[in-house]
C-alpha cells in the first residue's frame, strides 16, 4: 500500500514525476462495454492544463493522453486501461537552483528525509502535474456514471466568496470565466483579486464547492468507508488542500439538533438537506455537496529565507511559471476525484444484497 | 472491502451491532513483543463509555474488553489480537416503537434502502457503540507509539469556543472537567450550555481539536495516502462528523502565500506551523494538529414529524438515554483513530528505504 | 496484510491460538438477506472436529460457534458476521515439555525466529485448530452458493488410492466411512492402513480430491487472480499441504496438445475436461476438480532427536492425542476453502460488465 | 481487486493486450536507494522473448522496456516505477480468422462469456505476452534481493525428465542449451523430442523446477499468506500451469511421518529438507524448492473441430508462430514470479517485531 492507488473496485494507480519521461496510470476494475468518448476526456484534460488564461500559470503542457490498453473498438473491454501522458515541456534547468534547497512549505524537505533521495527537478512526485492522471481517470469514471452529474466550482478566493446557496447558481456558467465561479459578479472580483496578487508576486488561497446530483440511495459502506469519509480522503489527497466539510460542515457544529435534523417528506426525500445527501455514511438520494479549502500556492516570486540540505540559511526567489491561485485549475481535479469515489461505490453497491 | 477494516498495516476490523450479543474486533498487524498495560486500555474505555457524568447519557455499559488471542505472558505475539465486548445492557424494548419508523437524520432510512433489512433495535451497526472497538484498538496503538503523544480536547460547543492557540493550553487539565476542555473558564460555559440544551430536550454540536507531538519526520505516503488524507478519512468515519481541517485549515484558504509559508530554521524545524506538521502529505517533525466538526446528536426529546417504511407521516419523540452533546465522549475516539493512523504509517515507513 | 484475511469480497479474517481463550473470525462482505441454517453450519463443524472416530485423534472439542453479529431474525444483514469458538479443552500441561523444544517439521522453530516469542502451549496460531474458523465461514459461503455443490473426498492414503475417475464415484457415500472415501472397498483398505500406522506410533500422508459442480461460466479474474490460482492458494494455506493440481495436473505436463485440448460441443460445453473447468483462469461451466497433497502429520509417538532453543540436542516423543492421518478431517476444510473462493468470485463477477 | 495486481508490499500492476499499442506496468512499493543495472533487466527480458532458438516460436518481439518514472540518477527513488513495452510486431491479420471462433482450450470462450466483448486479435490479455511485464518487474525484484539466488530450470519435457536431485545439478549450465535443462544429456533428449513434436505440428507439456537459496529465516505470514501459498498462487497465475508442489510435494502424501520429518542439526538447519525450506508457512533458512507443471500449448498446427460464437461447428488449424513447448521460455517467468514473492515477504518481514 505504497499510496499510489485510489479506490477499491474502480481502482486508479498512478506513476510519474513532473520532470521524468512521462506520467500515467492504470485503471483496473472499469467494467466492460462502456462506450468511451475520447474527445470528452481530452476536454477534461484541457480544463486542468496550465496556460489556459492570464490568471493561471503560462506554462504550456499539451497533456495528450495515449491509451495503451483496455479499449477496443470504442468500448472498454473490462481489462486494465493503461495510459501515459508524455512530459514534453520539462525545462529542467528552471529547477537546477533548488537542487539542494528546501523551498518553504513545499515537500522538498519531507521527501528528502523520507526517501533519502529525491528527483529535485521540480516537485517530482509531489508536483500537481500528477493530477493530470487523476483527471484522465476521472473523465472515464464520469462516462461510467452516466446520469449522475458532478459539478465543482470556485466558491471563494481569499476573502471573496459567493454569498448565495448553491441552489441559486447556474452551473452552466462555470466555464464562462477563467476563474470557474458561476456567479459572474463574484467571478469578476475574484479575477481582479488574482491579477492583483499575481502582480505582487504573491499567491492566494480559495475554496472549491462540489455538488453531485442523482446519486442513487444506498452508496457508501458503513463504519470506516463511509461515503463522505472516502470523499474527504479523495479531496485531502489533492495538492494544497487543508480542509473538507460536507452538508452543514463546520457550521453544523454550532447548531442545535432541532434546527439541524432534516425532516422527511413522504417519499423519503428531506425538506432540508443539512445532511448533505449522506446519512450514516450512506447516500440518501438528495444532492451531495461539500467544500474543499486550498492553501495559497507555496511558490511565490518574493524573496524568502530558507535552508539547504546542509542546514545553511540562504535566500531564494520563486522562478518559472506558477499559478497565483490554484483553485480555478483545481475544479476539474475535484470533479475527477469525486467521480472516482462515486464510481467506486456504485460498483461496491452491487455486492450488497443476496 | 466491505468497509469494516481500517488501516493497511496496523489493521483493525470491527463487528457488532448495538443490540446484538457483542461487539468486537481483530487487530491484525500489531508487531510482536509489545508489553501491554491492560489497565491503561480499560482507562481509555472508561473515557468513552456512557454514564460518566451529568452532561452525557446516563446509559450504563460496563464495556469490559475480553482479549481472546495475540497476547501471551503480557506481550503481543505478532498474531491477530481478537477481542470482544459483551452487550450487557441492551434494553431492546426501548426501541420497539421505531421498528418501522425512520428517525430524521439517522441512518435508519439509508440502511434499510441499502441492505433491504436492518436490525431496528437501536442504531445497529451505525450506533456509536461501534466506536468502543475503535477505542480498544486505539489504546493498543497508543502503547505501540510510545513517546508520541496524542491529545484531543473539546475546542467548541455550539457558539462557545476556546479563544487561544493550543500552545497556550495545559493538556493535563483536559480530564479535569466532564466536558474535556482544558481551558477551565470556557469549560464552565460549555457545561452550562449543555445542561441548558439538555433541559430543553435538544442537542448541540461542537468541535474537537487534536494535537500529536513527537511524530518523526517522514510519515505519510505520497499522492493518495497522504498523512492528512488518512487522518481526515479516520475522523470523517466517526459518527456525526461533518468536517475536518488541519494546520491553517479553512482559514488558510483566505491567506496569501507570503503569509502562509512556514520559514525554516537551520535545523529543519519551522518558525511557524501553518502546515500543521505535514508538507506534501508527509510529516515534517512539527506538531500535527487538526480540528473535527461534530453535528448535534439527531435524537432529540422534542416531538418531530417523520415517516415510516410505508411512507406514512407520523410524529415521534426521542426516548431512552442519549447524549445532549457528543463531543466530550468523542475525545477518546478522536485520539484512538489518530493513534491508529500514526501506528499504521509508522509501520509503513519501515518499507521506504532499501 | 499480516496474512490473517482471505478473500477480496467475501472476506474472512481469523484470530486465535489453539490454547488461548477462544478462536474466531469476522466475515466481512457477506451480502444481506441470506437465510442461514445454523444446524447445517454446526454439522460442518462436526465433520472437522476431533474425536469423531477411531482413526482420528481422540481429543474432544465441542467446537460450538457463537455468532455475535451480522445475523438478525435468521438472515444475514450485510454487516460483518463476528463469531467465536471457545477453547474449552486446552490441557496446556500436555505441552509444557516442549516449551523450549523445537519439534521436527513443526512451525516451532520458524515462529520463534520470526516473532521472537511464541505461545508454546500447542501449535499456537499454526495449530490446525485455526481451521475451525475456516469451516464455520465456509459453511456460510456454502449457503450463499445455493445450487453450486462442492464435494471433497479422500482420494489416497499413503500408497492406497482410488483407481477410478471421479465421475464413477457416488458422492453420497463420502460420509459412510470415517475415512471419507466414497469408494467403499478402497475406504476399507485405507482404514486398515491408518489403524496399522496408528498402532505403530507413526503417521501417514494422503490426498484429497474436490469436485465443484454447477459453477457459472465467467468466474475468475485474468492474469494474477485466476480462479485456479486462488483455489491453489486457498488449498496451500491449509496446514500440512504440499501440492495442488487441477484438471490434468502434473499428468498434463506429459501430454501432447492434440491429446490435451478439450473439443467443444455446439453448446460451449467440452467433450473432455482436461482443463478442469477453467480456461485462461476463468470457469467455463464444466466441473471444476482438483487434488491436494497432505504430508504425514509431524507429531509421531516414536522417539525423535531434536533441539531446544539453545541448540542443545535432545530426544522427544509425541504425547497427547494426535491424528495418525490428517486427510479425513481435512475434507470439510478443503470444501470450506473452496466455497470461500467460489463465493468470492461470485461477488467479483458482479463487477464485470457495465 | 480486478486481478491485475500482484503482491502486497512490492506490488506489480500490469496492463496490456498482445495486440494493443503497448503492454506495461507499475511497480509500487520498491524501496528507494536501490542501484539498478538496466542491462541485467534487458538480459532477463531476452531470456523470455520469442525467437531465441529453433525450439521456440520464431516470432520476433524486441521487448524493449522504457522506464518512465521512479528511477533517478541510476537508483530507485521510492516512487512508483512505471514502464511500457511497445507492441511493435502485432500482425493482427494473423488472427482475423478467429474473430468469431473459440479455439479449443484457449481463453476465447471464457473471456467472451465473462466480458461480453474481447479483443479477438490474438489472446488479448490472456496472451503470454503479458508475462513480459512480469519478467521486467521480477528483474527489479532480483536486484532488490541481492544475495538471494533464484534458479529455475526445465526438469521435464513430456516423459523425459532429469533423474537426479537438484543438488547434483550445475545451475551454471542452465543457459547452455535452448531448453534450459542443466543436465546436458537430458537436455539433448528434450531438444530432440521438442523438434519431433514441432515437425508433427503438435505441442508438448513439461515441468519447471525452481530453487531459491539464501532466504533468511522468518519469511512468510501465518495462516492464509503462507510463503508456499503465495509461491503457489504466483506459479498458478502463469499461463498454462496446471500444478504446483514444494518440498516433498505429491510424493510426501505417500510417506510416513517417521520418514518425512526433517531432523534438526544443532544450528537449526535440518539434515533432510522434505519441508522444502518452509515450515508452518515460514522459511526456515534451508533451500526453498518447488516444481511447476505446464500443459502442452493449446495452439497446434493440426486440424481441430471447434465452434464459433453462434455455436456452429467448424474446423480450424493453428496458424502463425507458436511455441511447440512452453517450458524453456517459462523458466525466466518462474524466476520472476518467485523473486516478486520473496521481495514481497522481505518487506513484510520488516513489520513483524516491535
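Every chain is named by a letter (A, B, C and D) in the order it is written, and numbering of its residues begins at 1.
The rule is simple: a residue touches a chain if its C-beta (ideal position, glycine included) is under 8 Å from a C-beta of that chain, and two chains touch if they have at least 3 such contacts.
Protein names from UniProt, one per chain: A, B, C, D = Chorismate synthase.
Computed from a predicted model, the values in this text were never measured in an experiment.
*Asks:* Sort the other chains by how far their Cα centres are from that of chain B and give me the top one.
*Replies:* D
*Asks:* Which pair, B-C or C-D, has more C-beta contacts?
*Replies:* Between the two chain pairs, C-D has more contacting C-beta pairs.
*Asks:* For chain B and chain D, let me know how many angstrom lie between their CA-based centres, rounded off.
*Replies:* Taking the average C-alpha coordinate of chain B and of chain D, the gap between them is 46 Å.
*Asks:* Chain C to chain D: how many Å between their CA centres?
*Replies:* 26
*Asks:* Distance-wise, how many Å sit between the C-alpha centres of chain B and chain C, to the nearest whole number?
*Replies:* Result: the chain centres lie 39 Å from each other.
*Asks:* Of all the residues in chain D, which ones touch at least 2 other chains?
*Replies:* Answer for chain D, listing residues that touch two or more other chains: 1-5, 8-9, 14, 29, 32-33, 78-79, 114-116, 125, 222, 351-353.
*Asks:* Taking the touch rule as given, give the residues of chain C at its contact with chain B in the complex, in rising order.
*Replies:* 1-5, 8-9, 11, 13-17, 20-26, 28-29, 32-33, 66-70, 72, 75, 77-82, 84, 114-119, 124-125
*Asks:* Could you please specify the touching residues of chain A with respect to chain C in the complex?
*Replies:* Residue list for chain A touching chain C: 9, 29, 31-34, 76, 78-79, 144, 222, 347, 350-354.
*Asks:* In their shared complex, at which residues does chain D touch chain C?
*Replies:* Those residues of chain D that touch chain C are 1-6, 8-9, 14, 102, 104-107, 109-111, 113-116, 123, 125-126, 130, 156, 158-159, 197, 202-207, 217-218, 220-226, 228-230, 232-234, 236-237, 239, 242-250, 252-268, 270, 274-276, 278-284, 293-300, 302, 304-307, 311-313, 348-349, 351-353.
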